[in-house]
Each structure stands twice: as structure tokens, then as C-alpha cells.
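Below, chain A partners chain B and then partners chain C, in two separate complexes.
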Partner chain A sequence: MSVSYRMNAVKVTAKRELKSTLYGIGLYVVLTIIFLITSYASIRVSIMNVVNNGIEAIQNPISWPFLVTVFLASTYLGLCSAISISREREQGTMEVLFYGPVDSFSYVIGKYLQQILTFGVVLGFSIIYFFLISQITNFGFTAQFLGLLFLSVFLASSMVAFGIFLSTLAKKTIVGVVSFLALVLFFLIFWAAHSVIMGISGTNMSTALIYTRLVLDNINLVIQWISPIAYFVRGMVAVSVGSLGQYLLSIISSAIYSAILIALAIITFERRGAKR
Partner chain B sequence: MKLRRVSIALVLMLVLVTGMAWAAEVEPRVAQTTQVPEEVKKGQGQPDKEVQFVYSLSPWTGSEYGGTFAPRQASTIYLMANETNILNSLRSEVYYWDITREYMADWFGFKEEVPGTLEILQGGKVVKTVEKTDYVYSYPDGYDGRVQLVVGADAILEFERYNQLTNDYWDAVSAYYDEQAAWQATMDKLLKRVQETGVYAKPEEIPPIPEQPTPPKLYVTSPVQAFVFDLPAGQYKIRVKSPDGTIVEHSEKNLVVFESRRQGVGFQIIPESKWTRPVLSNDKSQVLYLEGRRVFYLKPFHEEEFNQYAYVKMASLHKPLEGLGTKSAWAWVHTEEIVAAKAQILKDGKVIEEIERKPFYVEQTPGYALGYKIVEWEPDPNYPDSAPTFEAFKIELEAKGLYQMRFVDSEGNVIPGSERDIRSVNATTWPLYILPLLPFIIGLAIFFWRRSLKVEQVEGFLPEENKPQTVV
Partner chain C sequence: MIQTEGLTKRFGQLVAVDNLNIHVEKGEIYGFLGPNGAGKTTTAMMILGLLKPTEGKVKIFGKELQEDYFNIKRRIGVLSEFQYLYEDLTAYECLRFFGELYQVDDIDKRITHVLGLVNLDNRKHELLGGYSKGMKQKFGMARALLHDPEILILDEPVSSLDPYGVKEIRDIIMEENRNGRTFLISSHILSEIERTCNRIGILNRGRLVAEDTMENLRRRLEDEVELHIEIDAPNEAVTKAIQGINGVISVDADEKQYVIKTSTERDVRPDIVRAIAATGNVVVEMRRHEMSLEEAFVTITEKNISLLAKEGVA
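The block that comes next holds the complex of A and B.
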């Protein structure tokens, strides 16, 4: 298939899907729920901490809620990708599409592009929401936050690519969805456990805790290259440390991660075909 | 298809088996530093001692010289880059003490100097040779104050100076007691005369009270010989070459010399309302958030951020479990307290207040109820031993909006990394539950707009008589 046909197919697929997402109410409901969660569980807690302790020395309290927002929104988009591809295969829609001027490349890239564009909408709402929150609470809207904003696009890209890749492997929608959620949950729990255990003071720990930390740190050597969350966290650390080199490295590695997963998804598609 | 699946499974199995074999190969090496060999552990309660070659270590930890040692089981020594570190080659009885999970050397039972030269190698080549030299720790402001390392001939001179000062002091004390006795005898005579005659003594007849000599603040440890050296960051190997040219058995170790990732200024923030619960601010990206009018005291420190594993291993190499699993963690270490500086508070880029470091005293309020107040401390001649509770920079802010805080040195230069933003927090929480509804409202608007479009399309398509009368 020629490049112009492919590009047109990508454009049409992405446009159709994007319209369908933006004209539905699902995305807005999800965003509202995410914002409510971050407002209640994170921003309110930060305010209460300052009020109760009188003084707190912390990094901008909107950075974490923003990470939560980006993570939940990306998970939602990744899940949407997984559902949409598996369902289209299961229902036979994909087969019909592939009889037309659509191939594996244009289909996968179209799906990916649509989710990234949708994430642009998420980001737009997030900027408005967090800007207003920072003004109301006086938490401040810093350059560091803008660095995270740009970085978040790559987290979303990694999550979407991960979702697409898993859905190309799964024969049934339920398998794609469950495997995506299970893996994301595993990565999240692992990251949380690793962060908590690393935050514990190193002296006078129990032997069990020391070996748990050792095991988690060793597993982290592998997980950090598989988990989409790890890529974003690395970028966050780079932003907080103020290291431009690390920041760029994080962006490039996220982009490579997404590209590899998308390429794998296209190859899997090619091999398996569009049939149920 | 089946053949392909079988081959994939075989490849996976092969990878798994190779991985396990690799792990099994690594395990004994890990065990050397993480687990205690059985021969050292046996004899529960009375651990078996083993005469070993050890390196005793006094690494510079950023604020002082630490104390640890490298038993035979520790294959790698960690030291801070570009700082003077002390290492000595000894032989002692080493045992593992299970209660505190650490190797111990019975220095008082058996301690033998191992003579020789320390060779430091990089890439298989000797890059530095270090001879043993004398060194002492000198504490110019007393044992609780800062420490200075004095090396070589100066170490002996410093120790002699300390001995001289101490001897002079004891001589002065002895002379003082003699003068005191003579003064007391004169005073007794005068008092007796006054009692007998009823005539007061003239002021010129009363001798001045002898002054008690002040003990020297300086404290210097006895000179000891060891290898004293500094190295740039890198991976090295070390060994001790005995005077006969042979390498001392078990003296070969890896040496990791590490440097900090970042430097800055850390703060210990003492809120007046919770003076026993200080808050730490180690990172420049942290903001001080306040609510209402707040008084707090700042103690600034120079600080460096090190890899946690390397730092902990440097300070506690004799504790094999310490620091395990922290290779990916980083930790700030406060080094020297910043004393000769001023705190500046800025609003809109202009300095609105300049604060000096002062001593403070925490005064308990009388009565049974708990309470205290922090007051400025002033020396009281009636209580020469009294001391301030802490010395810090007192900040008093009715926080409204955004402030900046920074520290300047005696020449007015801003101390890098000492800048922090101070923000007052608006404690009103109800807007937090209103703002999230924004996407939902927009979503609803789009939904109803789309619905109305559909209805219009349907209305345009249907014959006039079949048009719906109401829109739901």
C-alpha cells in the first residue's frame, strides 16, 4: 500500500475514533471522577497537613495529584485501546475494515494517534483544573509543573502503546482488558511498594524487611524497563533534580518504548491477521 | 505451528535455566557480603573468633570521621571522593555478633599492626602508593566541636602542643590552689582581727581573689600511624605490599570512591509550636507552606546527596546487612552548619527583612500544665554553665501570598541552594469539589448539543406529519 493511502487511512481512523470519544460522555465522566479523587485524596490532604502542622516543607503539592491524574487518564486510554481493538476483532468489524484500504500499520497507528490526541484533550482540562486549584490554594504553578506536563504526553504514549500491544495478543476482549489491568495494577503496586520501602530509614531494619528491599530493588532492575510508570517516574525525578540530560533521556526512552511496542503490535497484527 | 510453539517453549526454558545458573553463580559472591559464613556463626552466644587481616577505616562522612572496618568477608570498601580518608592494615580477632548483626573485632584482645605499603590500582596499574604516616584528630573547640585531621610531623607537634597546654593548665590549677590557700589564710587572719578589735579592715588590706584557670578547649588524640589519602571518584583495587615485597594475604579488596550527585543547603526548621518536632527541607525544589502567622527557627546546613548504598556501606562496612537493596536510592547528608550568614526574606524580589543567627533558650512555663516559650538567650554571670538550647535564625511571618527566603554569606553573596519559596496556603476546601465538575458540565453540554443535532437531522428527514411533537 502506498504511503499516501496509508496516511489517509491513519487520518480517517484517528479522526473517526477521536470524534466518537469526544462526542460521547465517557471521557468527561472519567475526568470528573479522576479530578474528584485527586481533589479529595491528595490536594485536600496537603492543605490539612499544612493547617495541622503550621508549616510544611514539601514539593509543590499539585505535582502528585497531576501524576495521579495522568496515570489514571492514561490507564483509561490504554484500556480503551485494548477494548476497542479486541472488540473490533471479536465482532468482525476489523475484518471488514481490512477488506478496504486499511492495513495493520495504518490501523494500529490510527488507534495510537487517536488516543494521543484524546490525551491532548485530557491535558487541556488538566491544565485548566490544576491552574485554578493552584490559584485557589496558593500552591503555585511552577515551571517544574510545565516540565511534568510535557513529560506526561510520553507516559500516555507508553500506556496507550502498552494497551494496543496487549490487545493485539489477546483473542478475546475480556482477556485483553484483564491482562492490561492486571499488569498495570502490578506495575503500580510494585512501584508503590518499592517507593515505600526505599523511603524507610536504612538503619535497624528487620532482616525480613532488608531482604524484601533487596528483592524489590533487584526486580526493579528489570521492571524499570517494562513498566510505563517507571519511565514517567524517571522523568519526574529528573524534573525534581533539575537535570535536563536525565529529562531528555527519559523522554527519548519513553518514545523508544512506545515505538517498540507499536512496532511489535503491528508485527503481531501482520502475523495474526484481522480475522476472528 | 506446534513445532514453533515447542521451540519457543524450549528457548524460554533455556533462558530460565541460564538465568538460574547465573544466579547460582552469583549467590556465593553475594553471600560473602550479605550472609554470614557458618564457620563464623557457630558457637551460639559465644561466637567463634577468627584471626583475620582487616582494614580499619576512618572514612570522612561529610561532618566527621567515622569508624568501621573491612573484615575478610567484605570484598569492597567505599570511600568519599576528594576527601582525606584513613585506612590501616591490621590483624585482629574477628567474630560475628548476631544480636546486632555485625562483625566485631576484638581490638583489646588482639591487635597487630601489619607493616607495608598500600598500593592503589586502576585498570591493573598501580596509580598511587601510600606509606603509613602519623595522624591525630584535633578538636580546637573541644571534643564536641568540629574536628581537624593533622597528618605527619604536624600531628606530633599538635599532640605536643595539646600536652603542653594540658600540663600548663594543671600547673596553673596547682598554683591556683596554692594561691587560694594563701588568700584564705590571709582572709582568716583579717577576719579574726576584725572580730577581736571591732575595727573594719581597710580595702587595700584585702587581697584580690585568685582567678581560677580556664581549661584549654583544645583536645588532641594520641598519634596513630595509618594510610592517609584522598582519591578522585572511580573504581580501584587496593592491596598491601609487605616490606619483603610480597602482597599481604587477604589484603586485596575493591575500592569504590564515590562523589555526590548534588550539593545544596538543607534546613532544619523548628516550628515554635512544635519545637521538638523539627521539619527537614533538603531539596531546593521544596516549598515552605504556611498557614496564618507563623514563627519558626531555621538551622541551615551545607549538604550533599549521595547514593544511599555507597554511603551506608562506607560508614558501616562491618554490618553486612546494612544498606542492602538501596543501590537505586539517594540520600541527603548534612555536612557543615552554616553559621556566618544572614537570612533574607524577599517579597516581589526586594529584601524586606534581614535576620541574624541568635541563641535561644526554651523556657518551661511554671505549673503542672505543659507549656513553654522560646526566648532569646543571654549569658548570665550567675550561671556560667548555662547554655542556649539552640542557635538559629528566627523567622516570623504573617504569610500572605508568596515570599522568597535565601541566605547570604558575610560578603553578601547568596549561598547557592539556600533559596526557598514561602507560600501561605488558603485553607478553604469547598472549591476543590466544585472544580472537578468542569469536564462533566462540558461533557453534558456536548451530549445535549449532539442530541439536538440528531433531532434536527431526524426532523429534516422525516415527512412533516411524522415529525415528533416534543423533544425528550
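The block that comes next holds the complex of A and C.
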């Protein structure tokens, strides 16, 4: 009985938030910006290569633009997640919800589910957009794209779970926003720095660079498991090398990462309580 | 219906609620009184599970909240002092959301009913953000009643209302109580508590200093009786005659009215009437001044503070 009550609480809280998102203009503005960025930064490059060289040798030309779209949309949803719980605590509406049949589990899962469903809407628009792009440019809209769609849900889930976890830690909305953006930026910079340094040939390296490389590599041992960016990178690598094993591993690791963060969010929330 | 056993909440060194034992019976209206910072809201939050007690426990419907969380929560309605609302929703949308959350049958009919109770049915499609403070409070009452709860916990239910709104809410409380609902009302508006509550608990500095019916509280606190008597032609002889009665403590006279203080040990009213008649006067009116809840509240809390001071706590 309590399971059905709990599921109802998850469903109703997620539905309210989803309706509010879908009836608002924010999501559509952000999606438009994301598609413009994707068109300009990724698809335009491929088209220009074809125009300039007469040929573009790339296996799945819409995979990368799609992953860029997923990354940007997930970061936006992660940011919304980072805001959602702390804002409701700040406004006091969370307290009113907890007067009724809502507990920490159903509340956090409801928030998570709403963001995942919103991502489903993003995917719907993305499918239409990339299908149109493939029709216009004649870039292949292959079966592998379906695999990417499936993977993208788990990648988005990692980012959303990360945002929700931060939101349960933050007392104020501004703290949730700043900490999310700061950490995502840090992880991105770290990933870029690590990639660049690891890409430098081992011969003729200065001692300082060797030590820097060693330090970054050791830090990466931890960051590769706590950063949501790292899960994106794993997914991107899996897609670029076309490895089914890596693809599955990416899905499983993202799912575990999300589950751990959501569990931590529930525990943190339970300890802090819903009181304003 | 609600029972607290040794309920204690400490915030660091501060003891907000100290070993509180209250028992709210089925079908009663229990008034929870106390000065600011007495621990009333902390107690309500612990009852609702929003704050964890440091010690002690709360039982609702004979069970601790964790034993049957969802079923217990579905049977409680809450109106908080401050109305935290989804201001981007209309009254109807907000009630619909809560109706779905509480799995209310025939939601639309119920929404119409509860909004009708607080006279907001003609404004149900307006955004809650545009509601006045009083309207929000009335809306809060409608939300608390929406799922037909058995217990209603109301924190300062009339604090933002005009006299007309106060009467509306009071009438709803009385009517819903007649329908069998139990109320726990926390308020600093003593006259409202006095008018609506069957039993009162007075909290001071986290301790329950008195819990009884209004009638019994008065009886326990009054160490003298005050009589107001109006006679047709007052004079010095009347004053002297009353002062001579055994049990009369003091007599104050103005133009036509006497204020007489007597001991509570015996009823001296017949003696007074006889004494006045013996002077050739007629009693036009006699009434006993009853201690208001406000007076009782001040007396109890002051006594309590003195007691705490003696114990070295205050």
C-alpha cells in the first residue's frame, strides 16, 4: 500500500514540475540556442569541409553534433536540478508538500524523474532536428543513431543526478547554481588539461611537465568516477571507436553513478529535513 | 488521536521543547497556547515529522509516524502560519495538484466544496500570486480540508484575517468539529482559542505549564471572585453592610456600581442581596466577572516563570 502511495507521490510531483517546464518558455529558448550552437559549431564545419575539399571522411557525421546537443541540454537540465530542490526549500513550498503524503524518497525521485522526462522531450525535438539535418545535408541518419539516443538518456541522467545531489546540499538557490556551474567548469577544464597533457609525446618532456602529468593522472583516477563529464567522455569514446563493449560499459557506469548520487541525495535530504 | 510522550527538542544548548506530554482526544478542539518562542511551532513540526525529536515520541492514531507514514499523513490536514504557495498556479490548479497527491475522489466536486466554504469559489481561476494575505490564508484552510482529513493542525489560522474572515474560519472550525473532525489549534489570539477550544494546553519556555478545560483552568487560577452589582440608590450604608459580610474581601463603589471581591470558599451572593435589601435598596443587576483566557494565560505563564526562577532555570 505504501509503495503505491509513494509511487503516486513520485508521479504527481514529477507531473507538476514537467507541466510547469513544458508550459514555460525557458526550455524552448534554451533548445533553440543549443540547436543554433550545434548547427554553427559542428554541422557547419562538416559542410564547409565538403565545400572546401569536396569530401568529408567521417563515419557518422551527425553523431558528434548530437552528443554536443546532449551535453548542452544535459548541463541545462543539471542546472535546473541544482536549482529545483534548494529553491523549493527557500520558497517554503517544500514544507507544505511534506505536510502531506510525500517523503524524502518520493520527493527526490519525483524531481529526478521530471528532469529525465524533460530530457525525453529534448530528445523528441532532437530527433526531428537531426532527421531534418540529415535530409537537407544527406548526412546519414543511421541505426547507430538509435544507439546514441539510448546512451544519451544515461549521460543526461548522470548530469541530472549530479545537479540534484548538489541541490540537496545547498541551503540557498544561488549556492546550488554557483556550485554546479563551478564544478562543471572545473571538470571540463580538468578534462581538457588532462587530455592535452596526456597527448604530449613522452620524449623530450621537461621534469615539470612530467610531474604535472603524474599529478593530473593521479587526480584523474578520482575525477573519472565523480565527474559527470567523465561519463560523457566515456560515451563519446565508445561511439567514436564503435565498440559495443565500451558502449555497454558506458551505459552501466552512468546508471550506477546516477543511482549512487540519487541515493546520496535522498540520504542528505532525509538528514536535513524539509523544514524551511 | 495525537499523543506526545516525553517529547523534547534541543537546538544545541537551547531547549525548545522540554519533556512534553499532550494528549488530543478524538473529536475535540485542542488549543495550544504560548508566548512567542514557547515551542508551539517546533512541537507541531515534530508532530508532522518535519523535525526529528531529540527525545521522546509522537503517536498519531496510536502509531508512530514511521510505522504508517503515508496513511497517517493522508489523514491529517495542516494550515501553517505562513502560506507558502505555488504562486504561478491558480487556486484550482493548486488544489487539483494537492487533490492528486492525496488521491482525492471526485476532485473537482471537492475543490468546489472547499473553495465554497471559504468564499473563494468565484476566484478559483486567479493566480495565487495575486491573492491578498487574507485570501491566501483562507485558501490554506481550503487546502487543509481538501482531502477530508480526520485531524486538522492549524497554526495561527486567523492571524491575517479581517473580522469577517475570522468569523468565517471560526464557523468552519465549529462546523467541521461537529462533523467529527479533531483540531489542534495553535494561536496567540486568545479570544479565538477561548471561543473555539474545548481544552487548552499552555506552553511556556518549552514546558507544558497547564492543560485543562477553560472552565477548570479558571477555577484553578481564581483565588477570589469578583462580583459586579448595580443597585438603584447607592449610599454609604450599603457599602458598610456589604463590608460586614463574612467572606467579602473588598468593596469598591462608583456611582451605581459596586465591585466586590470575595473569597472562593463560600458563595456570598445571597448574603449580599439580603444586606442590600435590608438597607431599602434593590439589586438591579448582579454578575460574576469570569477570568478571560488572556488573564488566565498571563497568570499561568507568570506563575510558571516565577517557578522556573525558583528552580534556577529562568
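In this section, the second predicted complex is superposed on the first by the 246 of 276 C-alpha atoms of A that agree within 3 Å, B and C clash if a C-alpha of one lies under 4 Å from a C-alpha of the other, contacts with A are read in each partner's own complex, and residues count from 1 in each chain.
Here is the rule we go by: a residue touches a chain if its C-beta (ideal position, glycine included) is under 8 Å from a C-beta of that chain, and two chains touch if they have at least 3 such contacts.
Since the structure is predicted, the reported quantities are computational estimates derived from the model, not experimental observations.
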Touched partner set for A:G273, first chain B, second chain C, both or neither: second
Which superposed partner A:P101 touches (first chain B, second chain C, both, neither): second
Partner chain(s) touched by A:A208 [first = chain B, second = chain C, both, neither]: neither
Contacts of A:G92 with chain B and chain C, given as first, second, both or neither: second
Contacts of A:V12 with chain B and chain C, given as first, second, both or neither: second
Overlap of chain C and chain B interfaces on chain A (superposed complexes): none
Chain A to chain B touching residues, read off their complex: 22-25, 27-29, 31-32, 34-36, 38-40, 43-44, 46-47, 50-51, 53-61, 125, 128-129, 132-133, 136-140, 144, 197-198, 202-203, 205, 207, 210-218, 220, 240-242
Contact footprint of chain A on chain C as seen in their complex: 45, 48-52, 68-71, 73-74, 76, 78, 80, 82, 84-86, 88, 97-98, 100-103, 147
Residues on chain A engaged by chain C in the complex (per definition of touch): 1-2, 5-6, 8-9, 12-13, 15-16, 20, 91-93, 95-103, 273-276
Interfacial residue positions of chain B with respect to chain A in the complex: 34, 101, 261-262, 267, 269, 271, 273-274, 279-281, 283-292, 294, 296, 308, 312, 316, 321-329, 331, 401-402, 420-421, 423-429, 431-433, 435-440, 442-444, 446-447, 450
